[in-house]
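Going in written order, the chains are labelled A, B, C, D, E and F, and every chain counts its residues from 1.
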Amino acid sequence: MKILVANINTSETITNKIRSVVERIKRTDTEVDVVCPEKGPVTIDSSYDEAYAVPPTLELVKSAQESDYDAILLACFCDAGVEAAREISSIPVIAMEEATYAVALTLGSKFGLLTEKRERMAMKERHVRRAGLLARLACIRALELSTADLDAHPEETKRRGLALAEEMVVKDGAEVLILGCAAMAGYGEDLQKQLGVPVLDPTVVAFKYAEMIADMGVTHSRVGLYSPPLPKEFN
Amino acid sequence: MKILVANINTSETITNKIRSVVERIKRTDTEVDVVCPEKGPVTIDSSYDEAYAVPPTLELVKSAQESDYDAILLACFCDAGVEAAREISSIPVIAMEEATYAVALTLGSKFGLLTEKRERMAMKERHVRRAGLLARLACIRALELSTADLDAHPEETKRRGLALAEEMVVKDGAEVLILGCAAMAGYGEDLQKQLGVPVLDPTVVAFKYAEMIADMGVTHSRVGLYSPPLPKEFN
Amino acid sequence: MKILVANINTSETITNKIRSVVERIKRTDTEVDVVCPEKGPVTIDSSYDEAYAVPPTLELVKSAQESDYDAILLACFCDAGVEAAREISSIPVIAMEEATYAVALTLGSKFGLLTEKRERMAMKERHVRRAGLLARLACIRALELSTADLDAHPEETKRRGLALAEEMVVKDGAEVLILGCAAMAGYGEDLQKQLGVPVLDPTVVAFKYAEMIADMGVTHSRVGLYSPPLPKEFN
Amino acid sequence: MKILVANINTSETITNKIRSVVERIKRTDTEVDVVCPEKGPVTIDSSYDEAYAVPPTLELVKSAQESDYDAILLACFCDAGVEAAREISSIPVIAMEEATYAVALTLGSKFGLLTEKRERMAMKERHVRRAGLLARLACIRALELSTADLDAHPEETKRRGLALAEEMVVKDGAEVLILGCAAMAGYGEDLQKQLGVPVLDPTVVAFKYAEMIADMGVTHSRVGLYSPPLPKEFN
Amino acid sequence: MKILVANINTSETITNKIRSVVERIKRTDTEVDVVCPEKGPVTIDSSYDEAYAVPPTLELVKSAQESDYDAILLACFCDAGVEAAREISSIPVIAMEEATYAVALTLGSKFGLLTEKRERMAMKERHVRRAGLLARLACIRALELSTADLDAHPEETKRRGLALAEEMVVKDGAEVLILGCAAMAGYGEDLQKQLGVPVLDPTVVAFKYAEMIADMGVTHSRVGLYSPPLPKEFN
Amino acid sequence: MKILVANINTSETITNKIRSVVERIKRTDTEVDVVCPEKGPVTIDSSYDEAYAVPPTLELVKSAQESDYDAILLACFCDAGVEAAREISSIPVIAMEEATYAVALTLGSKFGLLTEKRERMAMKERHVRRAGLLARLACIRALELSTADLDAHPEETKRRGLALAEEMVVKDGAEVLILGCAAMAGYGEDLQKQLGVPVLDPTVVAFKYAEMIADMGVTHSRVGLYSPPLPKEFN
């Protein structure tokens, strides 16, 4: 099977990081291309960034239709552009945030989401509400460390992340943790051992999810929400 | 007071139509500019169209910051680009769909939404779910007439629209009707008389809402969902 | 346009206070009458008080039908009597609590409500649940200062109100604050500056809302929830 | 045990009917007084009627505090005045609509409500939403026969009621039926036999519920929603 | 009337304790049999325990069909086996947890649940969600004392229970408390006095509820969720 | 990887059918054992059947702990016994109904469920409510053909199934269909082509889901809902 992973920001560093993760975890018989758009924001931290990242990402999805991909993974834990991408794609489009939530639902009663910044918590909650899954959300908590702090004090970062995660499990009743927070990405296994709950790395989960969907031979619905757009004049 | 109405598609015809509506209904002391982006789709019927309409619309919002507008109305009954626009705007940004729902909530127990096409019904329901307002939604129904039909048979259009609206009130329990359907725009008053329910034209409602917000001197929250984005590198 | 503001308690002091607020904020071309019933409780702090306040208020609404009012605002942040008033009124009846929630929905992801007394928190939550808006409620918090304290220690009141409001924003995720608490009424602007969130004073919001509805020429639905009552024999 | 049943309308006929029902179904050791207010509407069909019925009903509740009642049942399937009554009563106040819904929840997955008039359906749904029970409501349907019809054609009434009830079970998935409809009151047993679902007569259910609560020795909470009102000046 | 109380665990001690409670609180004219299965777990603390307790309990329900019971109460605050029992029973089957929640709904705005162990909190919340009652749940809190502690330090248990219950009322807004926690069973009245909220002992509430249902002459629905199973071949 | 598929009924025919499906769809490197309990009902059509099927199924789960399975799939579209199985299993336990719903959430806005019998519809809805997913459920509809009909008239079955499925898509707004209905199992591809929506066969979906979970190396949470049971005395 052949999967296209489209990072939606334009950072080569992040694209390479994603590539190295999926190369490591992919099935031996999975072929994978990891790409990013040429134009657009280098990182995505706001709806504003998303707005400019989506059109170039859609161009990637359009070109992919000519190739023999079995699935396309939009690799951003924000699902920007997913509806539009599905409208124009006969290849299944996997949404990283949506797929991670779906898997979390099957591993415990409620999930907790660890993010980097307070500012993005409301958008995350809005996404969960939009998906109709509020009753399964235990909490969203933010690490709130500056990038400078993260780089300068990895031990401190880990310590704070562990403390925060423990509160999410013990106080908020999270039975599954989602690491929506790059700074903690390396500490998933430690968290898992220490807290006894599954800890989900969205990149890993969504890529495995993409392989599963491709394997099932099923595509997102083309009726209703993702109906193909009519031909349209553009200025 | 001075209001910017930004149509998000690039149709001059539609922009002119909006201008003529708001010129007619505005307070005498309201100054209004009605504009549309130069680039982008001529009409908006899909998430795909929305994706390409948003960045040029954001440029309009950015320029508006330099002027002395008291409110900016994004004039599309789909609220595309609203989050991003609010992030970058210290001037209140009014969302047409959101404002219409808010007003509908105060006029009756449940509202019904009349749209043009079946294909957009799921997206509308998703927006209502995202807003957490499902318990107040009576129904979404689609007129399902081709543009050709609409033009050729205005009487038939009106007849079908009235029949549909009556079902929404009698069968679905809608106490307020929202005309999310340009083809029926002229028939609001007839509907209102015939069915005894308020019938909301989103352009009218959202423009009056914009005047109200400007008048109150309040702006959308700049904490949380609409936090200003950090400066960001673009490729 | 001409608006009737009906305070539902019988306090002249409060009625005068409301009058002075609406006189200050009304459009220049708005004519306004601010009245209160002759009989009934002097303040409203319970469902018991509401029960006795409603019939005299309905008499005000009935007389108003003879006049040329464009809207009637029931000026109590509890919406007592609103359904009955709408049933008998062909003039739009604006509900202060309902209108404030509607506006809050369009300014941020979730709103927080600051009240005076713990005892009324459950009733407030019940109103939000009745309106189907629980998913948008961040929190309800009570100031819990006795009237004596409020009068004797205005600085202390302000300090505690600010501290409470800050917790609502930072801990509870409120992006919009509603001042359902007369003691803090004067401090809205300070709160707004200090916390970066819109702070809504229900009297202001609901009056501006009433002007908007009158301006739109729309009335609450007379089908369903607010159907006109049949003539009825009384003992 | 001793129970006060307070009909909240002023109809002697209805009060006598309620008395005859509760006299028939009460435990042998239950003493019961069935009363109605002297002033107020003769029947209750609107929020307007409710508004005028409540204060005289509260006077009944107040006087009852002096007596040795073990429970007070407000005998109107609309729960008007219940919050206020509980605030001023140290004797448990039973709400007919609320108690019927509570019992319905324990007899099947979802309940259906049969009412007399379309106009009251929205208010009923609003009550269910206020109680947070929408997920358990199968449907609300109205018989829609004029009183003249009901009197003139009892067979036709029964036939239509049965047909309607069958649709509620078969199409809407109601597993429990509530007869919120005096015209059908005599046909509960026939419905029950024919459809195989429990059919609840609110007067019976709520009176038995009142006996149970009295028997348990428990009272509604006096903290929060039903906190006793403070002494208050009245004009 | 004659009621069968079926404890679903096999502990004689607990069965005797239940018997002594119901003997004390039953109406004088109620006949009661309190039994437990011969086979199965001695106490129920997990879904695993429940799985093995249910089939022997169903045998008790089957035999009861031959007798003249007016109601069967499954006496476990977990409602294990209730659906199956109702499917095979033409005698009303009362579920202890479900009945307690139903009664709690009629005594205050929101209820709080006090349990013994953190581990069971998620299952409790799942039950409330399954019942569609989340909007009425204030909180679930666990006492978290080992059995050894409970036995050795009754005063400490009571002190901690009271402190916990107070937090549930003051911080979480619980207006009704449910003692889903045997260790606190004796302290209900103290709690009630101290906190001013009704405190529900599920054994008492559910038994009184069973008497009420028997008295009403109503049975759970045999259509839909509790449809009688078809004859079935077993290996 | 090695997966245990545990059919929870005791039918050899059904077990063989499941085996043939999973043998056909499994990855080439997946080893699979398909088993069923020796004791228990031959088919599962009620909560009563489920109650007797669960303990023998748990014995299968217990024995599996000694082997080197990477995942255990409980192969019944009712998820009976899943909580108990997870409590005692350090190997991930996959629930067929839960996994199918999770996948459906990622393929369209709302899913529709096609079942065999009206009687099971309420239980299905209850499961969706328990999972907190009601907002994503478009409809549950039943084929309602007797087994005799199904066998005698396969063409008629297919025709009715297609007609029903079309209504689910066109009238109810289902964008994804779940075939919870063995009689239609062979017609998934036809439905998919004809209606343009993904059609999910739970056996296929859940098995692929099990492979994915095994591949991810993640297990259900052992904290909260699925906490390991304490050692327990049994009679």
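Here is the rule we use: a contact is a pair of C-beta atoms (placed from the backbone, for glycine too) under 8 Å apart; a residue touches a chain by one contact, two chains touch by 3 or more.
Predicted model, so just to flag it, every value in this text is computed and none were measured.
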{"item": "Neighbouring chains shared between chain B and chain C, ordered by label", "value": "A, D"}
{"item": "Whole-Å gap separating chain A and chain B, where each centre is the average of the chain's CA atoms", "value": "30"}
{"item": "Inter-centroid spacing, chain F versus chain C (mean Cα positions, whole Å)", "value": "51"}
{"item": "Centre-to-centre distance between chain C and chain A (centres being mean Cα positions), rounded to whole Å", "value": "43"}
{"item": "Numbers and ranges of chain F residues touching at least 2 other chains", "value": "109-110, 121-122, 126, 129, 132, 134-135, 173, 175, 224-225"}
{"item": "Chain contact graph, described as a line, ring, star, complete graph or other shape", "value": "other"}
{"item": "Which pairs of chains touch, using the document's own definition", "value": "A-B, A-C, A-E, A-F, B-C, B-D, B-F, C-D, C-E, D-E, D-F, E-F"}
{"item": "For the chain C and chain D complex, residues of the former touching the latter", "value": "10, 37-43, 45-52, 54-55, 58, 81, 83-84, 87-88, 118-119, 121-123, 126, 129-130, 132, 224-225, 227, 229-230, 232-235"}
{"item": "Touching residues on chain D, where the partner in the complex is chain F", "value": "109-110, 135, 173, 175"}
{"item": "Chain B - residues contacting chain C, complex", "value": "27, 94-95, 98-99, 101-103, 105-110, 131-136, 169, 173, 175-176, 195-198, 200, 204-205, 208-209, 211-213, 215-216, 218-226"}
{"item": "Touch list for chain B against partner chain F, complex", "value": "121-122, 125-126, 129, 134"}
